[in-house]
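One chain, chain A, links the two complexes that follow: it is found with chain B in the first and with chain C in the second.
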Partner chain A sequence: MKFDLKDALRRHGLLLAFGVFLLAVAANADAFLTLGNILDVLRQVSITGMMALGVTFVVLTGRLDLSVGSLLTLLTVIVVDQHNQSGAAAAIVMTLAAGLAVGAFNGFLVGFVGLNALIVTLAMLSFLQGLVLFYSGGSNVNIPNAQETWFAVFGRGDFMGLPVPVILFVVAGIIAGAILRFTTFGRKVYAVGGNQTASVFSGIDSRWAVFWTYVISGLTTGLAAIIMGSRVMGAQNTIGQGYELTVLAGVILGGTSLLGGRGSIFRTMIGIAMLGFIQNGLLLLSFPYYVQWIVTWAVIILAVWIDIGAKRGRIFA
Partner chain B sequence: MTLVSNSRSDTFLAVLGRWLLRNHIWSFFALTVIVFSLSSPFFLTVNNLGNILTQGAFIGILAVGMTMVMIDGEIDLSVGAVLAMASALAIGLQDHIGVWPAVLVGLASGAALGFFNGTLVALSGMHSFVVTLGGLIGIRGLVFIYTGENALMVTDFSYTEIPEVYLGPLSMTAILFFALALFFQWVLTSTRHGRETYAVGDNVEAAYDSGINVKRHKIINFTICGTMAAICGILLSMRLGTAEPNAGKVWELWTIIAVVLGGTRLIGGYGSMWMTIGGVLTLAVLRNGLRLLNTPNYVELMVMGTVLILAVALDKLLNMKEET
Partner chain C sequence: MNDIILQLSGITKTFPGVTALDQVSLDVRAGEVHALVGENGAGKSTLMKVLAGLYKAEQGDIIYQGRTTDVAGPLDARRKGILLIHQELSLAPELSVAENIYLGAWPTNRFGVLKKRELRSKAQAALQALGCAFGPDVRVGTLSVAMQQMVEIARAEAFSASVVIFDEPTASLTDTEKEQLFHTIRSLKARGVGIIYISHKMDEIFQITDRITVLRDGQVQGTLETAQSDVNQVTRMMIGRTLDTYFVKAKADFGAEVLRVEGLSKAGLFNDVSFSVREGEVLGLYGLVGAGRSEAVETVFGVRRADSGQLVWKGGVIAPPTPRQAIDMGMALVPESRKEQGLVLMMGGRENTSLPHLSLFSALSVMNRAKELATFEKYRSALSIKTTGPDQEVSQLSGGNQQKFVLAKWLCAGPKLIILDEPTRGIDVGSKSAIHELIAELAEQGLAVIVISSEMPEVLGVSHRVLAMSEGEIVGSFEGQEMNEENLIDAVSYHRQSAVG
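Presenting the complex of A and B:
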């Protein structure tokens, strides 16, 4: 096969630009490319990263899930509160079950009733925020015996020198990637996102495919909530507010198309990691905190523009 | 469009019935007004109704711009951040360049950010969801840096008296909302730009083929949307006398909820300011009524979510009937 520079740039241009950014920061901040700092950044992004894995499934079908931020709040409150009331194991089971249930409800409304995904999950965002206040009565919850509970392992633990949340994120990523690549369900997700009509004529029941993507999104948000609860050892009523947008930003930055059908788990993991390293790098270079938001703006626009420009063969539409 | 009929045998009731079916938000609005009138003695008072209109007008002004963009089949997630920018500039600059120049700069910032969003959408061919999601994050960052992460206060409090002009129970803010909504309804139905808005939203390629300058057209509507957000931000700064960097956070979601509740469709080509006024007022009545009934805050959030889902489900149901 002939090496095609243009094609390689198109495929990996983002990674290249990211590499240049990493080197530029490393040249000016000694602490940046140390193992400790890298692990810290990965530990930080493991929560949004975990959520982004599930959201990638949804976005690949050409749909959206804006409810994950509120869901993260609800599930973190549940896992922390139930940890105190029913013990860690029961809390984890309940959290995952609640995540699956909300995902299934979203999936039912979008997949089977056929309502607009943006509106359904927007409504769910509002509804779940209400449910959080209902459940918690407006007060914050926390785990008093943070040093003693084995629940601490998910957010704070280390295994063979690696933070446990990072291991969970990477393992979940590998499983999610394998599901997308090697199972018929994964192929269906791409097919529904690529061309829904064609997928129906190929005998794919798009309703079930869409349904399961939302269930997966609920599950990964549940896992993220367990990491979050374990790391913070508490939960405020707004702990996940705005996470849906950060997660989407990471998914989009990775190059997964909002129109569906194009993208991958690996790309999402890169996108999320990029957001984390940009944030960390700018802070190490002692820029004001909010500069990272402006840089994120520019990076999202440039990354997506370059991606679709390369696909189209010219820069301007 | 099969519901529109020119037959002369139509009775008034039949015409009204069909109008209500297409604008089902107004039936829902009537229902909420009746329910709250019966359940709270404070609801149906001139004073309270005036308050509802003033409170609703802020989301309403945002919704006017959002409706233009949404009929085009686009979306603008950055209105909350643009609003914060305009309000910060209007208050931050007035000690240096005077009140009205500062207000003008605030308005100009909204128009410029809207123009910027629209230009990016038109030139790049990116989905406006992506462009304005970036804008939502980045513009908010600009606001935080400009304000130094603090709330800016007015030094001359006569600034807060500017919108305190009333026409009976109607505040200037509410009048401005209705005036803007009616003006843009006129634009939508009676100007070339308005007709083109529906054409572009309905079928971009057909619109392009029939000679509409789609890019310029979209840039204009995004600029309108940004300007509306700035107007809202300046009115908010006058009302509060401060500009918080977090002002208008998640208001873009409330705005989308109001517009969609009204019946305007996200896919474009369908909608009107009448629907948006209905959606805005219904949302305002719900929030006000639930508070008068002393319901806890969570009920409001849960009712909003439920109502929104019911509204789109109803819209889908009616739409299926229309097609058969």
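Presenting the complex of A and C:
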């Protein structure tokens, strides 16, 4: 069989482009490929990465969760504020509970009521933004005794030379990946995303499957908020703004299909890491900060284009 | 008259793990209907997709109207006069008939604005030439399957096609619609169009075609003059042996009643449907496409809700089940449409087979892969399914092999009642009789079986008792001597007339 350049480009074009980019940055910035910098990047992506794990479940069913950005803001404000008021342990419990509750509400509206996922989660994004201001009264919160609290371990700690948030991300990723790959629930998620009608004919209750994906998304955003609050030791009212897009970009970049049924946690972790290295590289090459956003845009468009194109059978025609 | 309009020479096409076409050569004359036959997965659809520009062959030439031609894509093929009418119809349901006929090749002015009037009048002309009863403005989604097919055929007129390929066109047509289709084919033929006709139905092939080319495992076995050959010869070339033409019927040894349906009604779909089926019994449900048979059994299975009526399962009245409950009780439904209802196309055979029974294939919610694999292998050989492995996406399988996985997924958990909705649609002759044997075998093992079929010989051949259904109502029940073609036709057509009159 002869080598098909177009086909190879379509399948591995993004990886190829990424490789070229890595080489270009490495050649121009000595700091890029040092262990310190790599760990830095991983530490940075652990928050979006954690969120992306949950969002991957949602996207695999062919649905979206755009509420995770403002949910991150809300939950970070909660964890920081409650840390000061009720102590670290209680704050963590409350944060996770709130994340689960918001996820369950999204899941109920999308899964059981059958409303459009885009609308439901976009509305939730707006609602949560309002809720943040209502909760915080518009002022920022921070943790005064940052040096003393054990809460610092989640965002700032190290364990055997590795940043704790990175360890948390990887462990959560392994668990999420195992759930998708090896459990009946994971199988249902893929089936519902692949063909909802056939799933129903196979006795799968797609409503519950969809519901739980949103609950998981709420949970991982809660975990991300704990890392975030611990790292920043404070929370502004805009701290999670725009995260929903970065997270989605990572998921898509990994190759999980927006149309549902195809993709994996591993791919998402790769996608998120790629995004992190791109942004880090741009900074090291001393591009201004806003260039990141433009590149994120380009990456999303490209990844979606390839996804849809592959589905239709061809892109460049 | 006998000039060759299209010649395929030495076409080779491989997919990872399979050689779908191996040096295939074939020629089509103007004004001829050329049958292409072969087992499921023999490569028929693939060959036609190469011809229509959907796939690129690795080797070989397409010589069209005397010139070696490169077909760049389906639209290019259509412009050149080669039209493929797909095994699965490929229309845009939200668009109008006219827009669909010219899909992707709409007439526009210099600014890219659609010339609506021209589109409409051209489409109208094409529809008239075919004698279609519907106009160009109707939304395609509202048309029946047969009418949708006419829309595809109208493209032949619209693009003045010189080669038209029909890939299993009669799979979901009623007999009258089939006659209409044949009428259309004959008029295309009279105009000198070369026609390639793919089908698993031998009677049709001997009725309408002039020559027959047999494909087997991607290789041409030979080309025959239809008039000088017979079914046995063709079958032997296809599968290497001849088939018994009679049906095997399960021994009539019935046990207790498994399911009784009483007065099931749903406004607009079916009305007062009652029947029962016993262990070891094969109950046939005959009717024309659209008689409400599928809707009725989908309701029994819990995919739809009835307005009224009740179900009695093994002697006890049950509440309308969900599909999950129905499956757990021991019901299985092989649905009508394998791509929409039957399979998750992007999963492999292994995952599709276990899908309705995840709890049986897992312990503490963790999937048991070894068990899945064992079941996959068991049915792969039992139903002789052609696939490269447990995880080959079923979207890549031939239509008939996909259907076999739908059967596998419902057989593997040992149901008490199995409902088969058009189980042999798109299945080759060899596998078809294998499925008929399977039905008999299942009944003899004590299963209750309901077979829905629009094919009269099939439904009469496998069933112990046949219900005729028309316009959503059961219009007759036949057993023994009474169970014959005339009675079924009478029941169905008498009811239709009285419903109209």
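FYI, the second predicted complex is superposed on the first by the 288 of 317 C-alpha atoms of A that agree within 3 Å, B and C clash if a C-alpha of one lies under 4 Å from a C-alpha of the other, contacts with A are read in each partner's own complex, and residues count from 1 in each chain.
Basically, contacts are C-beta pairs under 8 Å (C-beta built on N, C-alpha and C of every residue); 3 or more make two chains touch, one makes a residue touch a chain.
Predicted model only: the values in this text are computed from it and were never measured.
Aligning the two structures on chain A places chain B and chain C in clashing positions. Once the two complexes are overlaid on the shared chain, A:188 sits against chain C while remaining clear of chain B.
Residue contacts after overlaying the shared chain place A:292 against chain B, while chain C stays out of touching range. Contacts of A:17 after superposition on the shared chain: neither chain B nor chain C is touched. Comparing chain C and chain B on the residues of chain A they touch gives the larger count to B.
Residue contacts after overlaying the shared chain place A:300 against chain B, while chain C stays out of touching range. Judged by the touch definition given at the top, the superposed model places A:162 against neither chain B nor chain C.
In the superposition on chain A, chain A positions 317 are in contact with chain B in one complex as well as with chain C in the other. Chain A makes touch with chain C in their complex at residues 1-2, 182-185, 187-188, 190-191, 194-195, 197-205, 261-262, 313, 317. In the complex of the two chains, the chain C residues touching chain A come out as 14, 54, 58, 73, 303, 322-324, 326-328, 333, 335, 340-347, 351, 354-356, 358-359, 362, 365-367, 409. Residue ranges on chain A touching chain B, taken from their complex, read 109, 113-116, 118-120, 122-134, 138, 245, 248-249, 252, 258-259, 288-294, 296-298, 300-301, 304-305, 308-309, 312, 316-317.
Chain B makes touch with chain A in their complex at residues 120, 122-127, 129-131, 133-142, 144-145, 149, 215, 253, 256-257, 260, 266, 296-306, 308-309, 312-313, 316.
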